[in-house]
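Heads up, the next two complexes both have chain A, just with different partners, chain B and then chain C.
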Partner chain A sequence: MKFVSDLASSDLIKQARTAGLCWHIGPFVVRMRTPLRDVAREVAFLYEHFPLGSNEGFIDFDVSVRAKGPFGRWISLSVNGDVTFDWFRRHLALPLFEWALHGCIFHRSHQYFKLHSAVVEKGGQAVILPAPPGSGKSTLCAALVSRGWRLLSDEVAMIQPADGWLVPVPRPIGLKEKSIGVIRNFAPEAKLGPAWPGTPKGAVAHMQPPLESALRVQETVKPAWLVFPAYRPGASAKLASLSKARALLRAAENSFNYSILGRLGFETLARLVQECHCYEFEYSDLNEAVLQLEQLRSQPQLVAAAV
Partner chain B sequence: MLRLLKDSATTATLELKQWNGVLAQAYRTGLLPRLGWQLLHDDPHSRVPDAVRASLESACTISDHVRRGVRWEVNRIEHALRRTDAQVVLLKGAAYIMADLPNGPGRLVSDVDILVPKDRLLEVEQALLEHGWESLKRHEYDDHYYRAWMHELPPLFHPGRRSIIDVHHTLLPPLGRLQLDPAALFEAARPLPGSRFYVLAPEDMILHSAAHLFQEENLSGGLRDLVDLDCLLRHFADVESDFWSRLPSRADQLGLNRTLYYTVRFLRQILHTPMPDELIAQADAWKPKWPVPQIMDRLGALAMLPSHFERHPQLVAGANSLLYVRAHWLKMPPRLLLKHLLSKLQRSWFPPQAAEA
Partner chain C sequence: MPVQRWAACGAGELIWRHWETDEWLVYHVPSGETHLLNDLAAAALQVLQQECLTLDSLMRHLSDEQEVAADCDLQLRLEELLQHFDELGLIESVR
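Our next item is the complex of A and B:
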């Protein structure tokens, strides 16, 4: 099997410029076509551990990034032939590429039931961390992933309606503004791409999915815990038990396609809360937060007694 | 993509990477769910590769969701209108779904369109406003434009469900070049079993869809409408007696001969819909003088076919502009048209403060 990192830089750039660079992200095949060498290199860095795909096969998301305007200072980005972002400043190419893929995965692909959440796994057990944007879940996810948890996703839990198992779709973890510095401190060994200033969400940088997460991308896993995280400055890390009914409603609010799937959405979510232990989780310090979740995993009976 | 729509067995001849283009075009023309339904549920001859299947199923999931939404919306409208006995006719997508017509599954519907008699219009509007709908066009001019000149009220928006109803009193702009008497439509309308709603008679349904396609602005959404027309024609030809002769006589009666001409022409050219020679000859007799048919052929193809959009986007944009002008030309007499366009221009240069009710 060949990986993105196996391609020499010149080949990579040439491929992106001509037929397009294809790779697999979990169940999806993505193709990027761009004549812009820096964009090709940045994207290839973030996805270097992912297996290459074929231009002869079916492509789920075909993303094209082109320069526009005098001196090519702007770009336009299209997905499957439709312009998604137009006349954006050139330096935003990478964040926009990632957001375009978010859009594809979150708002299409209804063969999965999807929650807006991070998903990590250790020892064969997975934690789903649903939370709205801006709640700090990506930072928490990056911290966990830097402490040995496998990354399934930092943004979306993809659940197979047939059996309730989670399908990994690991991608670069998007860190915003202050989180960038926090994670650099917390995990100096983590591989981060450059910080891109001036996006609508402030400065954005991306953490590369670790090698192991990328290599184990085919391993589906059963969810064990549903934990709703909330960052509260000054709060000590605390898990509080959540009733199944409340957990279901809150999860539905954090879902991409609960109503689109209709009855199947309800049944999938109901099975999820039935089979998982559900908690609310308040924290401020990342080390404490990671410890608390580690304890949840290794000594669940203690945690259950405490809440 | 067109070949697939016409014949599901074509699936066997496609290479995997050709599916990329097909799905992209289908998505862009709003036909992905329709294609999904046809290939996955309707037709035993189709063979879809596993890699593609998930995308088609996802699209079908969306149209199932839309169908549920439409059923519920119609239920809520019925509830809102329970105290009036006005004859309410469902139109377009909502009608196809509620009447269980074969183009219902896979149909994407953005608003519910209804037709009510003009003298019951205010009563119906009032009932809807009392049940949570709000009028969308807030500016005075737009309101006047709709009520005085158009065939429909300003759209009604329901903030809770985020849905929209278009209430029509006739099917074509009353001041336009094509005059249509709605009384005939109401008379021929058929009740939906178990409901207070009606749907248009089959010929009227075809002619309305065609009139909407060939007179309104966005022919660029037109491929979807052509697929509707193809599906409905085949269905009605099967289940209604004498349908092929009823259709042209109804077109003549309603003054929609030209519309039927375009329908027949485009359906034959683009979707190869099977039709008897008599119909073709009859429709051909109503064609406009040279060079209009040839120009419309070209403009229509540019506006509707997704491959043109991919290959020559500027030409397509040009065609759309011309068709836009044409649609306005058909909508209202020249004097009013000028006044309307100037007013629109003025408001786009000097946007008024939104009047908050």
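Our next item is the complex of A and C:
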């Protein structure tokens, strides 16, 4: 198997400019076509541990990034032929590329039940951290990953309705504004790309998924904890049990396709809360937060009962 | 004057889950809505799934089952519940 990192820089740029650079992200195949060398290099850095794909096979998300306007100062980004972002400043190409992939994964592929959440795993058990945008879940996810938890995703829990297991779809962890400095201090060894100022969400940077997370991308995992995180300045790390009924409703609010899947969505979520310990989680200090979540691992696993 | 009777959706249209005391979830298939009910509301809806009842009959049935007094308070609570269930499309009036 060959990886993005196996390509020489000149080959990488040529491939992106011509047939397109293909790689696998979990169950998906992405192709990026761009004549912009800097964009090709930046994307390749973030995805260097991912296996290369083939232009001959089916491509789930075909992303094109092109410069436009006087002196090429602007870009246009399209997915599968549809313009997704147009007339954005050129320096925003990488954040826009990532957001375009978010949209692809969140709003398509409804063979999975999906929650807007981070998902990490250790010891064969996964914790799902559903939370709305701006709640700090990506920062918490980056902290956990830098302390040995495997990254399944910082943005979406993809659950197989047939058995309730989680499908990894690891991608660069998006950090915003102050979180960038927080993670640089918390995990100096983490590989972060440059910070891109001036996005609609402020300055954005991306943490490269660790090698292990990329290599183990085929390993599905059983969920064990459903934890709703909330960053509150000054708060001590505290887990509070949440009833399964309320956890289901909270999770449904954070789902991309609960209503689309109808009864299957309800039954998938019901199974999830049945099989997980459910909590609300308040924290401010990342070290405390990581320690508190680590202690969950000493809990006995819940046995799935007939529902 | 015909007495108003109430009936809930058929068995296949309401999907139930229950884990802890006093919290029942019911998924209404036709609307796609999910509702959180307490013990009394869940019991009332489940009884109405089994048979078509008047308010008085429902009150007597639940008074026995839930071991609560069949008084004005219970009647008022059930009237509000029936109105709410009707608005949500979970039950319908049968004359």
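In this text, the second predicted complex is superposed on the first by the 297 of 307 C-alpha atoms of A that agree within 3 Å, B and C clash if a C-alpha of one lies under 4 Å from a C-alpha of the other, contacts with A are read in each partner's own complex, and residues count from 1 in each chain.
Keep this in mind: contacts are C-beta pairs under 8 Å (C-beta built on N, C-alpha and C of every residue); 3 or more make two chains touch, one makes a residue touch a chain.
None of these values were measured; they are calculated from a predicted model.
S.K.: After the overlay on chain A, what do you see for chain B versus chain C, clash or fit?
M.R.: They fit: once the shared chain is superposed, the two partners occupy separate space.
S.K.: Return first, second, both or neither, reflecting whether A:Ala245 touches chain B, chain C, both chains, or no partner chain.
M.R.: It touches chain C, and chain B stays clear.
S.K.: With the two structures laid over each other on chain A, which partner does A:Leu152 touch: chain B (first), chain C (second), both, or neither?
M.R.: In the superposed model, A:Leu152 contacts neither chain B nor chain C.
S.K.: Determine, under the contact definition given at the top, whether A:Ser259 touches first (chain B), second (chain C), both, or neither.
M.R.: both
S.K.: Once chain A of both complexes is superposed, is A:Asp62 in touch with chain B (first), chain C (second), both, or neither?
M.R.: Only chain B; A:Asp62 stays clear of chain C.
S.K.: Thinking of the overlay built on chain A, is A:Ala270 touched by chain B (first), by chain C (second), by both, or by neither?
M.R.: A:Ala270: touches chain C, not chain B.
S.K.: Just to be sure I read the superposition right, which of the two partners does A:Val43 touch: chain B = first, chain C = second, or both, or neither?
M.R.: neither
S.K.: Quick one: the Cα-centre angle at chain A between chain B and chain C, nearest 10 degrees, please.
M.R.: Computed angle, apex chain A: 60 degrees.
S.K.: With both structures placed on chain A, which of the two partners, chain B or chain C, ends up touching more residues of chain A?
M.R.: Higher number of touched chain A residues: B.
S.K.: Considering only the touch criterion stated at the top, classify A:Arg108 as touching first (chain B), second (chain C), both, or neither.
M.R.: first
S.K.: Which of the two partners, first being chain B and second being chain C, lies in contact with A:Asn80: first, second, both, or neither?
M.R.: After superposition on chain A, A:Asn80 lies in contact with chain B alone.
S.K.: How far apart, in Å, are the nearest Cα atoms of chain B and chain C after the overlay?
M.R.: Taking the overlay as described at the top, chain B lies 6 Å from chain C at its nearest C-alpha.
S.K.: Following superposition on chain A, which residues of chain A contact chain B and also contact chain C?
M.R.: On chain A, the overlap between the chain B and chain C contacts is residues 259, 262.
S.K.: Report the residues of chain C in contact with chain A in the complex, numbered from low to high.
M.R.: Of all residues in chain C, those touching chain A are 15, 17-20, 23-25, 27, 29, 32, 34, 36.
S.K.: Once bound in the complex, which stretches of chain A touch chain C?
M.R.: My answer: residues 243-246, 248-249, 252, 259, 262-263, 266-267, 270, 273-274, 307.
S.K.: Over in the complex, which chain B residues touch chain A? Could you list them?
M.R.: 15-17, 19-20, 23-25, 27-28, 49, 51-52, 54-55, 57-58, 61-62, 64-65, 68, 310
S.K.: In their complex, what parts of chain A are in touch with chain B?
M.R.: 27, 29, 55-60, 62, 80-82, 108-111, 259-262
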